[in-house]
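Got some structures for you, see below.
You will see two complexes here that share subunit A, one where it goes with subunit B and one where it goes with subunit C.
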Partner chain A sequence: METLAMHISNGIINGPVAALFAVIALAAMALCVQRGRLDLDDRLAPMAGLVAAFVFAVQMLNFPIFTAGVSGHLLGGAIAAMLVGPWVGALCIAVVLVVQALVFGDGGVAMLGLSITNMAVLGVAVAYLLIALLLRVLPRTTAGLAVTAFVAALVSVVVAAMGFVLQYWLGGTADLGGNLAGLAGTMAVSHLFIGIGEGLITATTVVTVARVRPDLVYALRALKPAQPATVPTVGGVR
Partner chain B sequence: MNRRLWGFLAGGLLVALLLAGVVSNFASPHPDGLDSSLRQGCTLDADGEIIGGSCPAQQEKEHEIGGPLADYGIAGIDNDFLSTGLSGVLGVLLTFGVAGGAFWLVRRRGTPASSQG
Partner chain C sequence: MGAGHVHVLYREADSPVHRLPPEVKIAAMVAFTVAVVATPRVAFWAFGAYALLVVVVAALARVGPRWLLTRSAIELPFVLFAFALPFLGAGERTDLLGLSLSVEGLYGAWNILAKGTLGVWASLLLAATTTTRDLIVGLDRLRCPQIVTQIATFMLRYLDVLVGEARRMRVARISRGDDPRFLWQLGGFAAGVGALFLRAFERGERVYLAMVSRGYTGRMPPVWQGAGAATAGQWLLAATVPVLAATVAATAVVLT
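Then we have the complex of A and B:
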């Protein structure tokens, strides 16, 4: 009875649209490698490996949501964007998805471009844009950081889900009888609740790292220049 | 790389290993938001198998590879707890190795132009 597959299975989206998104995903990942290299130093590289491993682990932890019989799990875009930045963060999520598809039979290999576009590209991009905005306007406190992480995670999950709806509109294989709105509705509502879980996990993770090693939170480094350790209660002295 | 960073990484990896190796067994067995959305319109039996109606999930096709770790278990291990936990541990180590290794290989070398601390 365990339904452990969590990503898009083969046959759900037609071949041409899957191929189109494979090209989009490849182009986006190439850009991320190019830009991410500038961020990747001796410290960020192993940290990014840890972020990918952590996202893999937490994605396994399906949590129950509002309605009986439906669960949700972390996508990880906001955690990655916050801890290692948008470029390397997108690559982290992509690595997780590739490992899951190639080794764990989760998500069709032919569907990888669709999933990478939704979770690694859209999810991380939306999360980072919100992080950049919110960290500037919210108070520079632990609460401000937590709210930033929560909101960025929630919104990024809903946007990633809507990415799938767009893909289904373009190349879904079942005839919904013109009822795409129904699919959009269930995806939106379920992912709104999943987004709350994602937000709580993201806020907890980011605040924990910021307390232990604020210097390892990319967003705090990149978005708050000329400020020393920004989370109170932490010495931040190395 | 300094020792404190390695300490943090080891701690983080340990947390990930515990989550994937132990906590994963307490995860909800229900289909996730995507899966359940794709089953809207179908009638399911107690095991979640589709027994009637019409929904997008009926178009699902076989995975290209499958493999011994398919569906987060280990083929041949009958104990669910062990099977899920070990596959999770392997997944965490593999992901850390692949991602960390790749990032290490493409990292920027030499002295950073603008020190990030």
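Then we have the complex of A and C:
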């Protein structure tokens, strides 16, 4: 079910709509490349690679929901936004999707624009906006950070799923008629569960990283620019 | 998607397809897929022609039909979706074997099955004949922004570390009596995930700094580039497949 939402196979959405979203995705990625270059320093470059590898890996790990049949994979938009920021984060997710499409046939190449729009653009943007907002509103404690990561991950997964429903409504190749509402409902419910799983994993990972190496969390860096991060000694810390 | 590791798909061999420079193969694969997707779904013969093209390239690349078919299993969720369509679809209905099926849904299912399968086959052929390293070189030569190839390079580099480490941690948990089921396995998994991530990062950071101190500037050295960029002849050779596919697609559009 989840693969359905996220890694759209060739022929699910018609050509013109796929082309439209390819243009949208390309424009968004061009902006991310521009802004991402400013962000990418010696600390962020390996982090970006690791986040991409991490997202790639967790997208391969399927975990069961209701033990029966339905299983899904995580998207990783929130963790990318949290650790490497929105620009590089979106690029990381896009790289994952491109490599999966090129070497796994996971998701049609012609449908890449749709997937990138859903997961890399929508997912990361929603997650980062929520992170920026919640980190300012919630108390600056570990619990606050955990709640922020959880909510951002949960919402971004559901929004990405709804992105697919929107795309299907615009250009699904098979007319579902009244069943489109059913598709939307199924997608929302199943992704609510995936979102909870994703939220838990995002929260624990981010909290662990923030506890040991707070300087690595991009979202926290933006918040307290005045305070110098704990100096990471070159070549291994502990 | 539970499909092993990146390198798993590469088939070590020496064939005309393996020898083609990666950028040529990527461009040909993308162009082929676009042609397939642009084909009207009622032009059944066109999909047969595409399948024939795939078979010819697979034979040239020495990729067996069995390998291609087993690896196509990645497409299964979509196949299930496709089979549901005739029942869910709206509009005119037809009777087949006593079942009332939607005509629109049947066409939709055919559309997804045919185009999806051809797309998966094209990607698999690319993966089978191109190492991941070559893939990055290819993307770089196709003028992919450096920041993107850089992220992709590190991603592929760290993937081995992450996957191996995660597998070891899972085995360690299970061998200590953990029986992961339902949502509870998330707890164990997530608790390990934070540690896994940090360990991998610190290792990755050291690797990165070592690379920087040896003159890495964000682009892989020329040694990686191998035999060099594609010649005009190689471009022409590889272009035959997408050009044939585009001809088929254009004919199909005109005829329907």
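Definition applied: the second predicted complex is superposed on the first by the 214 of 238 C-alpha atoms of A that agree within 3 Å, B and C clash if a C-alpha of one lies under 4 Å from a C-alpha of the other, contacts with A are read in each partner's own complex, and residues count from 1 in each chain.
Operating definition for what follows: a contact is a pair of C-beta atoms (placed from the backbone, for glycine too) under 8 Å apart; a residue touches a chain by one contact, two chains touch by 3 or more.
Small disclaimer: the values here were computed from a predicted structure and weren't measured.
In this superposed model built on subunit A, subunit B and subunit C take up the same space, so to speak, and clash. Applying the stated contact rule after C-alpha superposition, one finds that A:V99 touches each of subunit B and subunit C. In the superposition on chain A, A:R221 contacts subunit B only, with no contact to subunit C.
Of the two partner chains placed around the shared chain by superposition, subunit B is the only one that A:M187 touches, whereas subunit C remains out of contact. In the superposition on chain A, contact of A:A45 is made with both subunit B and subunit C.
Legend: residue contacts after superposition of the two complexes on their common chain; A:G15 is shown touching subunit C, with no touch to subunit B. When the two structures are aligned on the shared chain, A:V207 is found in touch with subunit C, with no touch to subunit B. Looking at the shared chain after the overlay, A:F164 reaches subunit B, while subunit C stays out of its contact range.
Once both structures are placed on chain A, subunit A residues 1-4, 7, 9-12, 33, 36-37, 40, 42-43, 45-50, 52-54, 56-57, 60-64, 73, 88, 91-92, 95-96, 99-106, 108-110, 172-174, 176, 182, 212-213, 216, 238 are touched by subunit B and, in the other complex, by subunit C.
Residues 1, 4-5, 8-9, 12-13, 15-17, 19-20, 23-24, 27-38, 40, 46-48, 54-67, 69-73, 87-88, 91-104, 106-108, 112, 116-117 of subunit B touch subunit A in their complex. The touching residues of subunit A, counted against subunit C in their complex, run 1-4, 7, 9-12, 15, 18, 33, 36-37, 40, 42-43, 45-50, 52-54, 56-57, 59-64, 67, 73, 88, 91-92, 94-96, 98-106, 108-111, 172-179, 182, 197, 200-201, 204-205, 207-209, 212-213, 216, 232, 234-238. Those residues of subunit A lying in contact with subunit B across their complex are 1-12, 33, 36-58, 60-65, 69-73, 88, 91-92, 95-96, 99-106, 108-110, 161, 164, 168, 172-174, 176, 182-183, 186-187, 190-191, 193-194, 212-213, 215-216, 221, 238. Those residues of subunit C lying in contact with subunit A across their complex are 1-3, 6, 9, 26, 29-30, 33-34, 36-38, 41, 71-72, 74-75, 77-78, 81, 85, 88-91, 104-105, 107-109, 111-116, 118-124, 126-127, 130, 132, 135, 145, 147-148, 150-159, 161-163, 166, 181-183, 185-187, 189-191, 193-195, 197-198, 200-202, 204-209, 212, 218.
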